[in-house]
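To start, the structure under review is shown below, and the notes come after it.
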Amino acid sequence: MRTTEQIKPVAPKPAATWQHHHILDVDDFSREEIELVFHTTQAMKEVLSRPIKRVPALRGKTLITLFYEPSTRTRLSFELAAKNLGADAASLSAPASSVAKGESLVDTLSTLQALGADIVVMRHPHSGAPYIAAKHVEASIVNAGDGWHAHPTQALLDLYTIHEHKGNFKGLKAVLIGDITHSRVAHSNIWGLTTMGAEVTLCSPPTLLPAGLGGQQHHLPPVSIEHDIELALDGADVVMALRLQLERQQSGLLPSIREYIQLYQLTEARLASAKPDALVLHPGPVNEGIEIASAVAHGPQSVINEQVTNGVAVRMALLYILAGSQKQ
Amino acid sequence: MNKPLLIKGGRIIDPSQQKDEVGSLLVTEGKISWLGKGDAAPPHPDHNVLNVQGLVVCPGFIDLHCHLRQPGNEDKETIATGTRAAARGGFTTICCMPNTNPPLDNQTVVEFVKSKAASEGAVRVLPIGCISKGRKGKELAEMGDLAAAGVVAFSDDGEPALNSYIMRQALDYSRAFDLPITDHCEDTVLTEGGQMNEGIISTKLGLRGLPNAAEDIIVARDLALAQLTGGRLHIAHTTTEGAVDLIRRAKEKGIRVTAEVTPHHLTLTEERVIGYNTNAKVNPPLRTEQDIQALIQGLNDNTIDIIATDHAPHTEADKLCEFALAPFGISGFETALGSLMSLVHDKQLTLVNLIAKLTHEPAKILGNKHGGLGTLAIGTEADVTVFDPALEWVVDTRDFASKGKNTPLAGESLKGRVMATIYQGKLVYKDDSVKLKEN
Amino acid sequence: MSRKVIMTQDDIRRTLARIAHEIIERNKVIEQVLLVGMHTRGVPIAKRLAANIEDFAKLKIPVGALDISLYRDDLSSLELQPTVKSTDIPVSVDGKSIVLVDDVLYTGRSIRAAMDALIDLGRPRSIQLAVIIDRGHRELPIRADYVGKNMPSSRHEEIKVQLKESDGVDEVAIISTPEVKEGQ
């Protein structure tokens, strides 16, 4: 077992800097807090490299996942993270439970609290749902994705993956390609990357870009917009391809998938415009042949599998740090 | 009340008579019987006295746009609770929208509302009839019948009259009754699924937006149809800079249009939604500071004729859910004056103009059939509002008479408060601090 | 507040030399020994012991660092989550005679957590404990195999070990403070 040599050790402030009882969005994390997450993730990765991938840090705590949208990898990732820390994990899958009978979100959460949940991990199709949860229960709420709004744990694992390879974010050119409007992963990554000092460029058909981004606006982070993929990728250090969300896609935003592929697919040829050591990320699940060519997804610059591995470690780190916030 | 009531020592502001002076007014058998300047006292001293020294006395407010929910949604509001709330807000005449269940598209339902108002209402209720049968937007409602039943306007509010053919016919046909068509201007094809104003806040919160253009499009269309037909058009709840410009130019061309704006659209921006506050979810949505400035300018140059509350109560359970699932609407009667007074305190609107927009101007739109409203002229209905322009108070929704506690102003401090309301000579609301001496 | 030095730089040097000799004496197969220092001050002490053992027995003994944050039994009552430090043990623990090294032995709870951590890492042959100061007040049945100095103390006192590597000076002092300090 050894610590990852290539990372410059970050001197973290103690967990006293952590102010959040919930993890709802990345836009309220400071740089120090994100660095604390990195530091703790490193320790968790070491735990995951042991023969016994378990520590008793969250013994006695109950984590319940409440997923109103289908998901395999994210839910599993959280459940494993919880169990690796010695917590008890259970899951509530929305259609299968009384939610389908018309039980409101607030009622469901009150029930979970009465059942003893310390941490509720929520995924919901409507933006803002975890904020209601946070107002109405004492348990810590972890947002595993709400509507178009945020997916903070995904962004943190993406940032950690980038950090492992690139170290400092300052001056790093990060390019996000795809459906920005409907991608909560994109939103959270934009916040996280800009907080850490990276320069973010968005490459997207104009109809898939939400209002207000690109200007110097209060409330929104600074980003550049570039509709031509080759220009956007020029000199990039990090390239993130976003899933073209066919299920959430409203017709009329794109003339056809074929045209999207022509203009925005991340191919090997296009990737060559980026730096030779540029990283390729994708939040998954990957639509190979649509937003990303198979050769790139499986190519030497792809860190897609590392993202998944890091996902468990990052979530362990977050659950550990969050457990501390429950006593306040 | 049998004895006459002297409302004594207040600052009487009546824009209909261009009056602004300290004095007293006497109410006898439901009518304004005497008005005196300064310390003048009425001839016969046998009356009760309401001491309003230091307060403003003006005609009772008139609201051309509100939702009373009865029949059909009595859990959200009834005519009884809604009119009591109106009285607390200083409104003595309110016009209720027909999006009830069943809707006000025929005489029977209109008679129901009128009789409920007569027996249980605290203030005057004037119904608005539907433009189309069932509010379905396909066939004109029986406007003649509705006019005879006493509606003061036609509207499918809640929805726009999206079918241009129907809207044209409505503007045309209604000319026979000299009643306006009030349109909720929204291109619902463009706004489908929208939750709040489209802009930087909707992007930040990940919510689908309702763009300004969707309102401007229908306003422009309606103005063109009003010009074509010569009918009377009333633009409900104007909220955009673009709409104000369009209405201004239309008035210059002589098109018969009037427009209203709500207190919340004059004072609150889209930032109120931050945190996913469903009490700030309203249609049309709260917009930007730029739109607010255009609306205030519109009030000042009379592009916008009146202020109307669009009081839209909902139950707490209705609003306690995911933002996208919450119904649109703000409960507005009881905070209207307090929030509007901030514009006066900031010197963006004069007190006299504010009162005019709530009294004389709405009365003009109601026309001669309801003559004598919005004024303190001798011989007219004694509908009087008394308010303290400077009193600071904190909004506590538990004090609301309305069943609707859905306001983004809950817990906020406002400066300006209604202290007493008189309807047809009866005190329908009085704050304890205002002293009534009965002789 | 009063402060009294109970070990000087020389005292510490002599003590660590003595402990190194004792470790060599008691571990017949010195090659099986693995020194594991507990964060934070146990780590430089372990390194010094390894240097001493190399001097005396001419043998390089591996040194590791152990973080016990994830094994503490008081996590649910602490106000703040302790910041996790790294656990870095360069060899497998299987079959090793581990000498756990820490600066002060007090309630014994940290040692209990350390043993749980080591056993999760593999199957050591044995675990021994070396400390510079044993200040009594054990709350669990744990004892040190190698002790620099026994220093019975009251709960109102703090024993502060300072080392050149972390604090710039080698010194052990006893400080009387009014409040009861959190047990280690």
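Per-chain residue numbering starts at 1, and chain names A, B and C are given in the order in which the chains are listed.
We take it that a contact is a pair of C-beta atoms (placed from the backbone, for glycine too) under 8 Å apart; a residue touches a chain by one contact, two chains touch by 3 or more.
Keep in mind that what you see is a predicted model, and the values were worked out from it rather than measured.
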For subunit C, the least number of touch steps when starting out from subunit A: 1
Chain centroid nearest the full-protein CA centroid: A
Whole-Å separation of chain centres (CA-atom averages), subunit A against subunit C: 40
Centre-of-Cα separation between subunit C and subunit B, whole angstrom: 77
Separation of mean Cα positions, subunit B and subunit A [Å, integer]: 46
Contacts with two or more other chains, residues of subunit B listed in rising order: none
Subunit C residues counted as touching two or more neighbouring chains: none
Residue list for subunit A, restricted to those that touch at least two other chains: none
Complex contact set, residues of subunit C against subunit A: 67, 69-72, 75-90, 116-117, 120-122
List of subunit B residues in touch with subunit A within their complex: 198-209, 211, 275-276, 317, 320-325
Subunit C-facing residues of subunit A, complex: 1-3, 12, 14-16, 18, 36, 39-40, 42-44, 46-47, 50-52, 54-58, 60, 85, 320-321, 323-325, 327-328
Complex contacts: residues of subunit A adjacent to subunit B: 27, 104-106, 124, 126-129, 131-132, 146-150, 184, 187, 210-213, 217-220
